[in-house]
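Each chain carries a letter (A, B and C) given by its place in the written order, and its residues are counted from 1.
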Amino acid sequence: MSRGLVTGLVLAAVLAVLPFVWPGYHLSLLTIIFYWIGLAACWNLMCGYTGYIDFGSAAYTGVGAYVAGILMIRLHLPLAVSILAAGMGAALVALAVGWPTLRLRGAYFAIATFALAEALKQVAEEWASLTEGGIGMTFTIRLDEMTYYWLYLGLSGLVVGLTWWIEHHKHGYGLKAIHEDEEAAAQVGVGTHVLKIKTYALTAFFIGILGSLEANRLGYFKPDDVFDVHITIKMVIMSLLGGMGTVIGPVFGASFLQIIEDILGAEFINYYLVIVGVIIVVVIMFMPNGVARTILLRFKKPAGAEK
Amino acid sequence: MPDPLLRIEHLDAFYGDVQVLWDISLKIYPGEVVAVIGPNGAGKSTLMCAIMGLVRARGRGGPVVTYDGQALDGVSPEEVVRKGITLVPEGATVFPDMSCMDNLRLGAYSLKDRDRETALLEEVLTLFPKLRERSRQTAKTLSGGERQMLAIARALMSQPRFLLLDEPSLGLHPLMVSLIFENIEKINERGVTVLLVEQKVTFALKMSDRAYVLENGHVVLDGPGESLLGDEHVRKAYLSVS
Amino acid sequence: MLFIQALTNGILLGGIYALYSAGFSLIFGVMGVVNIAHGEMIMLGAFTTYWLFEILRLDPFTTLPFSLFGLFVLGYLLQRFVINRVVDAPPIMSYIMTFGIHLVLANVALLAWTADPRTITTSYSGANFKLMGITIPYIKLITFLISLAVVGGLYWLLHHSRTGRAIQATAQDRRMARLMGINVRQIYAVTFGLGAGITGMAGSLVASFRHVEPAMGLPYTITAFCVVVLGGMGYIPGALIGGLILGVIGSVSTMVFTSGWSTAITFFLLFLMLLFRPAGITGRGIVE
């Protein structure tokens, strides 16, 4: 453990100092990478461990952006307060939506959350008196480049660290038990419903904070930008490709994918989505029980099985 | 002595990683009623499932399950049914949300000669008049005994040569139990070979030509039904209660 | 009077909602697969009609058999060779896989046909007639009637044909179905093909009065899901009931609130259903 800790600290120090060494374009890329690592890690924490797929994470980047936007732009509240409130707002919405949906089959949660994102997008468009509708909101108060980098670095590190902590403690065993066999977990006394909701709200909190910071960093946003289904799609893909249900997976998935996107440019997004789609389908075709489990099964002697 | 209709040789069977049956060998001749008795968990149901191809089984070289001269190893359950073996699993499993009539029609799904379906329906409903009354009702509204009759009737719709019955009397009222066993005898009289797994040891041994005793996944005893009724071990283990 | 018009519009709309939701419900009811790529079946059906109209000048309504057949084949093959592998795996795998299929289909369509919305205009596009003061567009009426016929036909097929009974049996008890001699793998493929085929037909019908574009799929997937939750997942008549309810509510709320809020209202309705009555209004839905 201590060796890992030392490596971690060294890594953290290196990353913290990077903006001074690599300013400008590279800093911008790194900032975006850590933003996505943060998001992917959130998605992974919820879905990778509970096995409930969320297709509506963009709802929370949007809620975060608009709560911060309304508080800062209309009510002139300070940035720090607004960002925190954004996270709280997202968490509250998650609690409300998670309560009925997380006690049902995963299918309901998946599409209900997707519908939520689309519905909130529409609310943001229509309720112009609150949100400026399709015109969008503009932040006047912003931070400097390096601060965003450090914030994203810190937040993503926090979420990844949280994932690590949860993986190794009671909360995590509970989550993994749910993923494996929810009924059995409930019978053994794992408070499954509450655990799922807590995890969902926690990740929504961070997604809200990240979303609000990014909206602030970009300066201007519209409902289409912050409630965009492609945000969710990216989070899903980054976690899947990096390795769902692992601590380090989202880090690799997000870095890799974001760098590719940067190299190829946004016009190629459709091509790479096709390729990603094909990879997902092919991988699952040959490893229907998930990558990790299939590899594990290879090491067990097959004695016989029910067809 | 004619060739056995079903021959099982050195069968080992598993549920997942757990071995449930060890070195099971048995023979069933055409036209017989053969019973398999033994305590709960002995593997009797697994044996049935192994014959149907629902559970993976392993032999010791050579075919494990041979039916009518053909090896059944690796044959899918759907195919096994088409060869003329039908299983009525334990628990009166009918399709709950379909009518009795539809359940029966489904039984005839594997029939090679579809025109026989109407005639078979008549035969089966004559054998089980109660079902004729209930034919339009949804299967889940039937009583336990009626559902068991439906399950057996449905199995007959596939015109099996060989019928496997897993605990047909389970959970049934004593009057129902006699009725069920009477019907099994009638079915056998029509030329259907029957393999019967049963808890009601006296009934089972009385009506069977031969029987096997299965304990802890091994065959411990076999012989003619009547003589097993008189066997010391069987009396002590199974007949003091039944 | 305006209300009656909205009601009528809603009912007519409800028919097509029912049609493109029935396939979704069927597939879920029989094999437990939530097809995230459902909307793409609609999109492909719509494009089939569009291209046949553009290139061969075929009347949109005559293209229905093409999309039915084409999407049946696509669905059959998809299930048989791709999706079948996850039928026994944890459900999450089927969501991810169909999500992957969605990505491929939507983006290949985008690359092939560009994002430009297409429209089909025929001689009768805007034609309507008046019945007791209510305006009824011909296209919407025919669409409604065809939708009812197809959903009814599906229901009939499931309850009065040998294959239909086999499908029901497989949905109710898979192991028992195999013991009847039913080849479950084949049945799954046929079911998926059937679901995809009628959904494709719905797409063809929609092409007559909506824009056709590669990204159109996802909103339909959501609506289909809402319809099916309302009516009960896995229960075909429920698709009709859910469709009519959603159609009417959508139409009436458009009248009252202007169209912008319809998704939000639909979602809110969905949310309430999931909170209080997840098995749908009919109570026949598969919940857990």
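The working rule: a contact is a pair of C-beta atoms (placed from the backbone, for glycine too) under 8 Å apart; a residue touches a chain by one contact, two chains touch by 3 or more.
Here the structure is a predicted model, which is why all the values come from computation and not from measurement.
Taking the mean of C-alpha positions as each chain's centre, the chain lying farthest from the centre of chain C is B. Here the chain at the heart of the shown protein, by mean C-alpha position, is C. Chain A and chain C have Cα centroids lying 31 Å from one another. Centroid to centroid, with C-alpha atoms defining each point, chain A and chain B lie 54 Å apart.
Averaged C-alpha coordinates give centres for chain B and chain C that are 43 Å from one another.
Chain contacts: chain A has no residue touching two or more partner chains. Counting only residues that touch two or more partner chains, chain B has 54, 76-77. Considering their complex, residues 28, 34, 36, 82, 85-86, 88-93, 95-97, 99-104, 106-108, 110-111, 218-219, 221-222, 225-226, 229, 233, 260-264, 266-268, 270-271, 274-275, 278, 286-288 of chain C touch chain A.
By the touch criterion stated above, chain B contacts chain C in their complex at residues 52, 54, 76-78, 81-82, 86-87, 89, 93, 95-98, 102, 105-107, 109-110, 154, 158.
Within the complex, the chain A residues that touch chain C are 51-53, 55, 97, 99-101, 104-108, 110-112, 114-116, 118-123, 125-126, 229, 233, 236, 240, 270-271, 273-274, 276-281, 284-285, 288-290. On the chain C side of its complex with chain B, the touching residues are 159, 162, 165-166, 168-169, 172-173, 175-176, 178-184.
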